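Heads up: the structure comes next, in structure tokens.
A, B, C and D label the chains in the order they appear, each numbered from 1.
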Amino acid sequence: MSKLKLGVIGAGRIGKVHIATLVQSVPETEVVALADVNIDGAQQLAAQYGISFVSSDYREIIKHPDVEAVVICSPTDTHARYIVEAAQAGKHIFCEKPVDLSIDVIKNAIAEVKKAGVKLMVGFNRRFDPNFRKVHDMVASGKIGEPSILKITSRDPNPPSPQYIAVSGGMFLDMTIHDFDMARYIAGSEITEVYVKAAVLVDKAIGEAGDVDTAIITLTFANGAIGVIDNSRKAVYGYDQRLEIFGTKGMVTADNNFPDNHRYFTDDGIHGALPLNFFMDRYLDAYSTELKLFCDAIVHDKPVPVGGEDGLMSVAIGLAAKKSVAEGRPVKISEILA
Amino acid sequence: MSKLKLGVIGAGRIGKVHIATLVQSVPETEVVALADVNIDGAQQLAAQYGISFVSSDYREIIKHPDVEAVVICSPTDTHARYIVEAAQAGKHIFCEKPVDLSIDVIKNAIAEVKKAGVKLMVGFNRRFDPNFRKVHDMVASGKIGEPSILKITSRDPNPPSPQYIAVSGGMFLDMTIHDFDMARYIAGSEITEVYVKAAVLVDKAIGEAGDVDTAIITLTFANGAIGVIDNSRKAVYGYDQRLEIFGTKGMVTADNNFPDNHRYFTDDGIHGALPLNFFMDRYLDAYSTELKLFCDAIVHDKPVPVGGEDGLMSVAIGLAAKKSVAEGRPVKISEILA
Amino acid sequence: MSKLKLGVIGAGRIGKVHIATLVQSVPETEVVALADVNIDGAQQLAAQYGISFVSSDYREIIKHPDVEAVVICSPTDTHARYIVEAAQAGKHIFCEKPVDLSIDVIKNAIAEVKKAGVKLMVGFNRRFDPNFRKVHDMVASGKIGEPSILKITSRDPNPPSPQYIAVSGGMFLDMTIHDFDMARYIAGSEITEVYVKAAVLVDKAIGEAGDVDTAIITLTFANGAIGVIDNSRKAVYGYDQRLEIFGTKGMVTADNNFPDNHRYFTDDGIHGALPLNFFMDRYLDAYSTELKLFCDAIVHDKPVPVGGEDGLMSVAIGLAAKKSVAEGRPVKISEILA
Amino acid sequence: MSKLKLGVIGAGRIGKVHIATLVQSVPETEVVALADVNIDGAQQLAAQYGISFVSSDYREIIKHPDVEAVVICSPTDTHARYIVEAAQAGKHIFCEKPVDLSIDVIKNAIAEVKKAGVKLMVGFNRRFDPNFRKVHDMVASGKIGEPSILKITSRDPNPPSPQYIAVSGGMFLDMTIHDFDMARYIAGSEITEVYVKAAVLVDKAIGEAGDVDTAIITLTFANGAIGVIDNSRKAVYGYDQRLEIFGTKGMVTADNNFPDNHRYFTDDGIHGALPLNFFMDRYLDAYSTELKLFCDAIVHDKPVPVGGEDGLMSVAIGLAAKKSVAEGRPVKISEILA
């Protein structure tokens, strides 16, 4: 059987991760083309992983006759455009989140994808974390009865730079967007309303840049459940990613992952390791599983596990969250989608 | 040194607990008088614990010349009246929560207590739970830096009867009131605003009685921190009482207590005991410590650890929570206290 | 119903614990008499707990016409003698462990008890710890199938003084004796052989006093299971009392108890409290349950849960352990009992 | 820099694991040759991983001019012979454990390796498990003071077939050999004596084949510490690999690894996943790290982390364990090595 041929657009941090995964862990695929505006970096990466075609122009990847699917790892403001062009060229698409920060732009991209009949998967990698996946599967199979309360804790080890924050779209579209997707995934139901209480408690510079760094976000789900996300841009003890879902027949929780499970007993207490501190470490398996499932969906013509509508919804919820902070009231998602 | 002489009003469930604690674990006190409208039950209890004076009339306890302090365990709607009368009689007062469901009535009771110069302690027993106390002490001593996010989970094993719910004042004044007090205690700061998303997910009859059984409550603190309480009237796995507080220098958490710490490994998983299921079991130590500290405050003329203002604030927050549900918006505590 | 009348012999540390338990937590009994060679201390204790009769002569307790049962808390070398005299006086007996350090003396005491038809319970309090009791009950009800491997960890926070060690009978008869009893209790089978590897790793003075302070003790059970106890006289992190039992259908474990369950997350790791450091704290419930069951056995004429034979066996195993160290070989318990 | 060229001998289960690791995770090496008596299987594997030279004759690997180092994954009875031949051909050697079951044969192989000046690493992969490595590093850096007690639990999920057991050399040389190496590694000291209490509690057929399936093994270390290993061929709850080391200043423990960290709360208890059940899963990282370090030692001419003497010692201890069971007494390792 011939291998699925992929082209990657963007050779930055996440592009490198995806290429390494595809080459080392997805034997049924082949990365045949790579584009980055930084052509030197792209050529070096191509040499390391045996990628034959390199360009500084993403269009050459999309148009490359061997390329069956593109993996879009370029900056956010290019995502929707590349999706549209790839769809029009008949290529399947894996795109990093978020698709865009504008609802209309995302809707248009989804429409083009549908018209072209190609597959579009959005990179919500955390859905493929073994802990969260286990919780999802247990909820989906009825182990907790009807979901009542969902709680997600999501805290970063360190805030991004003020420069990054200025262009990020704000915490809700940059960081919490993952949690919005996770909430929909775990609860198995759409979010219909959000109320956000936010604060600047990590760094005043973040507030001066017009963003917040700490938040408690109340969620209402279509199935009647309610939920809460708590966020901070800085947890001194590291990357904190936990959740619990409570229902009429029980509760399931997922905890952080750790570099090792040693415990150290001294006259001063019992001590253990901090959580894996870097999202690449925590979600290493998730990144790999995500791309395997994307390739598998193409090769066996199955639905992708996270589609364009999922990309749309998380951005809509993020925009509702911003509005909630601005107006100090609960905001319905339908206000944003209308 | 002569013993502190106490009179107990109310010989129901909590009255029995307090009498047993005083007799068995607070050697520097003596229960000399007991009143209950059910005079037979009171006499039986008095015989069991060697209490010499029994009456069906609470006024005989308050006026009893030997009684130096009263412990009020009667129904909520009598609390404020008994406090006022006891204060006017110059007796120190321990009163079960809530003081009353009306802000004005509570304010009046506090005023009378102040005028009389007696001590009033309100029975927020959970402050004396070893786990929560440890968290409080660590926060108060600066171990987590500035508090940023407080999270309290408080779920009951089973809802009360519809009859009880009808007269309870609703979940926020009956159950969450403990969590409001805990939030103020742990965060070390006043709550200034609440927003509540509530639902009826446990039993429709609760909704029909005009109450809710599930809630996510966002808290704003005067010191800038934010917080969230999640409540359910029914957790199938038992009484669930946990909290965590996250700050600029670290986080502290407290978990449930368990009847034993066995773990059972089978071909089906690793299994452990459920949390202590009954609030009397979970907070046994807390009930005992609470009364010891009340007696200690009188004997050594020290401030009581939980005063009338604490009783006032939790009711105000509870009323704000009800208003938030009714009006679907965040409510400032100052709106209630004004 | 009239209360069971008890006389206590010995008002040292453990005597005080037992008196407090009986007075505060066993309402169906009454402590009516107390003896200690230190008459002043005994009188003070009697005043505190309302004990009417005090003497410096234990015989006055045994002969006291009101005393139905004696609680022997005097030094080890008096235990067997007091048991014999109490039995001959027709009194039921609770005796602290060990009964004696001589097999013949213990056998004689047991014979006298049988002749008199009174009850004798030996104070192996740890059997009544909720964690160990849960493990025992699960094993006894077949939850792990056939027991295969039993592991007990038992380490003290600090070694006793050299003076105490000199008269203690050595670590195996003073400290490990509890673990020998626990092993028999948990495995539900007799120990038939021991092999001990011992060392002096805590304090050379202990070695110079002819004792050891660290040991690994292999156990053979009559039912085919095997086991191991590890001991140290000094664990810097506190009192360490854990066990696990592994069988053909599963495993059950029991852990230490802790003063609280807080966890503290900093940039330096995750930290928790040390185990309860003092045996009185760890086994507080156990001491109380033990005496309740003794009194219950008398009042309702049921068998005591730990009898004279249990006292005999643990001493026999302790003596076998000493012989194993001395001779560097496995020693059968039958060699000692013969 | 040119890549290190490796030849693999043996394409069975462990051979496949090593080839996958080398190809996917050790980019500075290249597998250029593969031998297996099953030439068809070898050719298939070679095609999958792009290995250019395949043979049914291991000698063609050893003699292959491009091969700089061999990875020996063939049956145990060939190990020593292949080591000797590879050493004589000037090739570096990675060899699966055990080197051989005869002390003299191992000594001879080590002598040939030394004469040839090549590197020999023995595949004690568990040393590279992140949990055990963390414990080792903490002990080595003095975090627990002087080691006093080492405890290793090592239990398999299922016994091997009776046919395998018949040729395995027995449990101590087949299974416990890993634990002997781990004990030396963690304690940082040689084992000088063993005493074993063994039993047949899993399957009578194992006993009939002349082997045991359950054991408690007491260890004496040169540095004065003592230790214990407990083994079972069958733990119904899965692969159980834990250890703890207790010293004068503290204790460190390592636990099992789990497929996920979910916890499930029902009215029946709190439930979690079983440990990773297969040694390949538990020690996946360890297998990878092990080969990286072997290659690294060759490329940068550093000592290998586990040498021939380590292979010799674990077999010697295994033989001493067998002798201890046969003779019912502690056996010194020097009796075996003499």
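What we mean here is this: contacts are C-beta pairs under 8 Å (C-beta built on N, C-alpha and C of every residue); 3 or more make two chains touch, one makes a residue touch a chain.
Because the structure is a prediction, the values reported are computed rather than measured.
More inter-chain C-beta contacts link the pair C-D than the other of B-C and C-D. Where the sister copies chain A and chain D meet, the same residue numbers recur on both sides for over half of the interface positions. Set against the Cα centre of chain A, the chain with the most distant centre is C.
Each chain gets a centre from the mean of its Cα atoms; for chain A and chain C, those two points are 58 Å apart.
If you average the CA atoms of chain B and of chain C, the two centres end up 40 Å from each other. Inter-chain spacing, taken between the CA centroids of chain C and chain D, is 43 Å.
Contacts with at least two other chains are made by residues 235-237, 249-251, 265-267, 273 of chain C. For chain D in complex with chain C, the touching residues are 146, 148-149, 151, 153, 155, 195, 197-199, 201-202, 214-216, 218, 220, 224-228, 230, 232, 234-237, 246, 248-251, 328-330. Touching chain B in their complex are the following residues of chain C: 24-25, 130-131, 133-135, 138, 143, 249-257, 259-267, 273. Contact residues on chain B toward chain D in their complex (touch as defined above): 235-238, 265-267, 269-274.
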